[in-house]
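Notes follow once the structure below has been shown.
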Amino acid sequence: MIIVMKPSATEGEIADVVERLTAESARVQRLDGERVTLTAGGGATGGATGGPTGRGHIDTMPGVDAVLPDGAGTPMVAPREPAIPASEVRGFEVRGRWIGGDEMFIAAGPCSVEDPATMHGIAEAVAGAGATALRAGAYKPRTSPYSFQGMGEEGLAIARDAADAHELLLVSEVVDAIQIPVAARYVDILQVGARNMANTSLLRELGRARRPVLLKRGLAATIDEWLGAAEYLVSAGNPHIILCERGIRTFETATRNTLDLNAVPVVRGRSHLPIVVDPSHGTGRRDCVQAMARAATAAGADGLLIEVHVDPDNAISDAAQTITPETFRRITRDVRAIREALA
Amino acid sequence: MIIVMKPSATEGEIADVVERLTAESARVQRLDGERVTLTAGGGATGGATGGPTGRGHIDTMPGVDAVLPDGAGTPMVAPREPAIPASEVRGFEVRGRWIGGDEMFIAAGPCSVEDPATMHGIAEAVAGAGATALRAGAYKPRTSPYSFQGMGEEGLAIARDAADAHELLLVSEVVDAIQIPVAARYVDILQVGARNMANTSLLRELGRARRPVLLKRGLAATIDEWLGAAEYLVSAGNPHIILCERGIRTFETATRNTLDLNAVPVVRGRSHLPIVVDPSHGTGRRDCVQAMARAATAAGADGLLIEVHVDPDNAISDAAQTITPETFRRITRDVRAIREALA
Amino acid sequence: MIIVMKPSATEGEIADVVERLTAESARVQRLDGERVTLTAGGGATGGATGGPTGRGHIDTMPGVDAVLPDGAGTPMVAPREPAIPASEVRGFEVRGRWIGGDEMFIAAGPCSVEDPATMHGIAEAVAGAGATALRAGAYKPRTSPYSFQGMGEEGLAIARDAADAHELLLVSEVVDAIQIPVAARYVDILQVGARNMANTSLLRELGRARRPVLLKRGLAATIDEWLGAAEYLVSAGNPHIILCERGIRTFETATRNTLDLNAVPVVRGRSHLPIVVDPSHGTGRRDCVQAMARAATAAGADGLLIEVHVDPDNAISDAAQTITPETFRRITRDVRAIREALA
Amino acid sequence: MIIVMKPSATEGEIADVVERLTAESARVQRLDGERVTLTAGGGATGGATGGPTGRGHIDTMPGVDAVLPDGAGTPMVAPREPAIPASEVRGFEVRGRWIGGDEMFIAAGPCSVEDPATMHGIAEAVAGAGATALRAGAYKPRTSPYSFQGMGEEGLAIARDAADAHELLLVSEVVDAIQIPVAARYVDILQVGARNMANTSLLRELGRARRPVLLKRGLAATIDEWLGAAEYLVSAGNPHIILCERGIRTFETATRNTLDLNAVPVVRGRSHLPIVVDPSHGTGRRDCVQAMARAATAAGADGLLIEVHVDPDNAISDAAQTITPETFRRITRDVRAIREALA
């Protein structure tokens, strides 16, 4: 059973509900987000001991807004849970740019931050082509401990300078909760990478952060599990979440991943959160990025995340999937044309 | 080693090459397509005994056009094998409609042929909305022997009548070589279903048929294997092949299959054959068909294959993924708009 | 609805049931196996028009043994469908050898038949090491039309001679119904390859053949679909089916396939048919075959299918996964030891 | 380039190498494990700028033991890297029990710690049946934030008491680096769950911990990536790693995961680290655990991880895959029998 308290609920009212629940079930958990949420019994996907607590005992108590059954899924990210009125407007604002609305959110840049000159060159090029944000990694999760792990805070500072010089938002990944306060000084949107989608500790900390989060889908995560990860963030207090489809792992070897654009309409039916698509990781091939950026736009994505470098062949990482500013310019032109055609 | 003979090669020239090859290798195979192709040694993906036959022995013999090494892949479907000049123009004509060119090829209709009245109603609706072809199954490959296996020749006759009444081409599946002569009396484009993509006996017989073939990708076929299946058809003499991406099998359960739109740009880079997309099987969900039809068009597909029924809830099969004529009409409008926007 | 007639049902009784069903539903199908089976309405996994026919109308009619609902799955291969008493004993006899009982069924030999001398050498070696049967392919389903497609009937004759000389059963694949009468003159157990598991035309013809069938699991077939394919064979009249797990297709590239030994206990719980395992295709690596043959035996498999060659490096096909007679001898020793240890 | 310093290398020698590398490449990283490892250029899987640094410049410098090229993979976990002599003996000791040797390491217990009485009952039962270790989760990574997240330190204390009372080692999962010092007070072997296999921050912290680590394979991790995760642990200074195969995610829905026993011989060929198997998560079905425990043993696993509860139907989590002590006793008997048979 999941009990959603009213925003106006007092600590006394919360304590009364906890007491009632504790009297009936051994396990009560409290989540402090925009509202307080209490779970009792096995919770959403719990075991056999859901317990005998009837909803009738709880839903008339002062301060209680809604009582949802175990298995209620992801009520905080759902489009319109009857008991929890969704906001009227889809999306949210980040420093003057609305994400999830009429304008596409387009983040572009290198896989990893390199030197300042390269970074500025890339920022200038993508800003000129119509990007909303700069993407650049300073903390890199790599398969091998011997691979380049990123420039850390030094990289964040370089990227921030480049973004500011060209009026771009900055998106960058954190791989550890300890990096959040540092990254939050430089970054507008904190990214959770595919390898960390199910890192619930990191999710909970980001749920308490005062920064929007771009949440990539895990390599083998179902859409259910991905929305579950978003629910961790929202239930912990952070409503500003962007979902990012970046390809899933399949048997096909012609591409690095299989970009699952089916996820776009499925997620739009099941969540009010904006969804963007990363055709760079989703294909792993330069020669496929433009086609899939077009496809993602037509499928209804709210934005794109694309790896761009002024000299792709010499990018430190992900060279095979990184495109030139010229190709990126063609993509932003396509995106506008498709959006207008389908308006 | 693969030896491609000239179109003008005489039987005597072919016999000379076979004799030379036989003298040097135990295994020589002959494929009679538009050109005769001979393979010697292990062939394209053979074992260890590729043999010592040097290309120099063969490529100067009369009637020989090209000698390709083992592992040459799919030369007949490739865009432009140096030794085998591709046709100047992409695509081909079927009864006055060009497939693979400026106009999208859109086949629409029910999963299975039902009664004549229903069939005519559907044909009228999809023709009015701009379909190129009617699709309707008379021989159904089903997982269970107790499921409805289709109406057979009676169904083909019903579908042919409906297609003719509304000036539509007819696409329908065969699941056995024995059905080819019967189906060829009614059907303009013979379909190979996903479950039969690797049925090499069926492919070879269709390679000898005088009808274009729509070749669906297998549920777990790599793009390489799919092009290999097309190579069976082309090397056996049938150059009129349409490839159809229809979703692959992955761990995701929110959709019936994962539509792999990456395949569109990958195939366009590796083959001159037209490629169409089936968003009905590719998603298995009515609420996703329109979004993925848009996405497929934007990705560069040459056409669409869509399940449409005047009363989807009461379709005999595939009800969950079948859309109404009204939704289909919105899709054809979208397709035109996207094509124009990207022209 | 699936109606299973009694073995003793007369044609008149069958006709009466068909008449009753036809009066109530447009689609009635008849399958002639060991018993006659009738399906009405959508069948096991049919569409929306399952129809109003009540079971009560049918199950008291003369000659009717059982009436099963749509979705009844695979009653003919099930362990013990209440209405269809299973045979007391698991397995069946093939020319004096019991398959599915106390003795492991071990088929070994080359991927493809080669020359008579090599074939005899292999047969002698595997017979000496304790094999039950010789496996050798004469009709090969290959990804490329330019690859060696097998020796055909000549290969079958060579393999038969070798098997007879060493008192082995012979297992060999057919890829087309047209090959069945030829193959049946030479082969004791006809194999359906992974690529043809869903070739329902081939399955139906093999269901009418008077030869046991070894049915490999498809590359991406669920266990449900695999049992459905077996149901095609059994419902068409052939009760002598051996299931063969041979690995499924996953994202892992260290091995050719992922051998799904989970399938062994799952199938044993859902079917009375014997199940054997192919660790050669299931791993694609010589250095893994012995370990996985041990594992399959311990998991409860009724037998093994293993690629063995006197000179694996020079095998025409599948060289990378083919083992020597010496390794094979160690495997048969392991199999006996594990069986005894768990007896 | 990866430079492995000698165990005896001085800080001065290390500094000299770093200086030389820095002069030639912008990116130098240092890993402090049992030996110091330096990487320069792109590292193992870096980008285009591997750099011109020749091995000849480095490998004769004082204190350098080996210089490995980029792409050298996982030298620390490899069986016998020429330049890094492996220990003579496979495995290691944990509080008097040798893991990776003649005796199987068998960890058994509930998914989650529950109350003390239940915990003691389970510990008594599994100890009596021959378990080496108790497994029990106190920090649970769950798909939904509303699911039970574990008892935390209170749970660890309960589990420790139960383990001590029955002379069992204790295995328990950590999901956040912050839990390591707490968990290390109670737990003998720290577990990394499948969802955190690629959480490189957690891996690095565990690499510095003074506790052996059981590293589960990620849901969609290749064997390469799994060994890469182990390399993170070993290169950070912790040589006591146990790998745990627990099933991968595939299209099959009859089982929760597909247990990939192929991984056992593949890993044994590529690493000196012990490998154990979890047939509970690997199948998700009680009726398959015994068969797959047998199979894992026969495949060559060094141990098993099994969910056991005195009242499986009322286990808080993973009820469907949890077995009784009686079934567990049969498994330990089987394991002994198979080990002896194959000795």
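Letters are used for the chains, namely A, B, C and D, taken in the order the chains are written, and counting of residues starts over at 1 for each.
Please note the rule applied: a contact is a pair of C-beta atoms (placed from the backbone, for glycine too) under 8 Å apart; a residue touches a chain by one contact, two chains touch by 3 or more.
Here the structure is a predicted model, which means the values were calculated and not measured.
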Comparing centres built from CA atoms, which chain ends up most distant from chain D?
B
So which pair out of A-D, A-B or B-D basically repeats B-C, with more than half the contacts the same?
A-D
Whole-Å distance, C-alpha centre of chain C to that of chain D, is 38
Would you mind pulling out the distance in Å between where the CA atoms of chain A average out and where those of chain D do?
29
Suppose each chain is reduced to the average of its Cα coordinates; what separation in Å results between chain A and chain C?
47
Which positions in chain B touch two or more other chains at once?
220, 224, 249-251, 253
So, in the complex, the side of chain C touching chain A is made of residues 220, 249-251, 253
Write out the stretch or stretches of chain C touching chain D in their complex.
220, 222-224, 248, 250-255, 258-262, 264-266, 268-269, 282-283, 285, 287-288, 290-292, 294-300, 334, 337-338, 340-342
Sort out for me which residues of chain C touch chain B in the complex.
2, 26-27, 29, 31, 37, 39, 42-49, 70, 72-74, 115, 141-149, 175-178, 195-196, 198-202, 204, 218-220, 224-225, 228, 231-232, 235-236, 249, 313-319
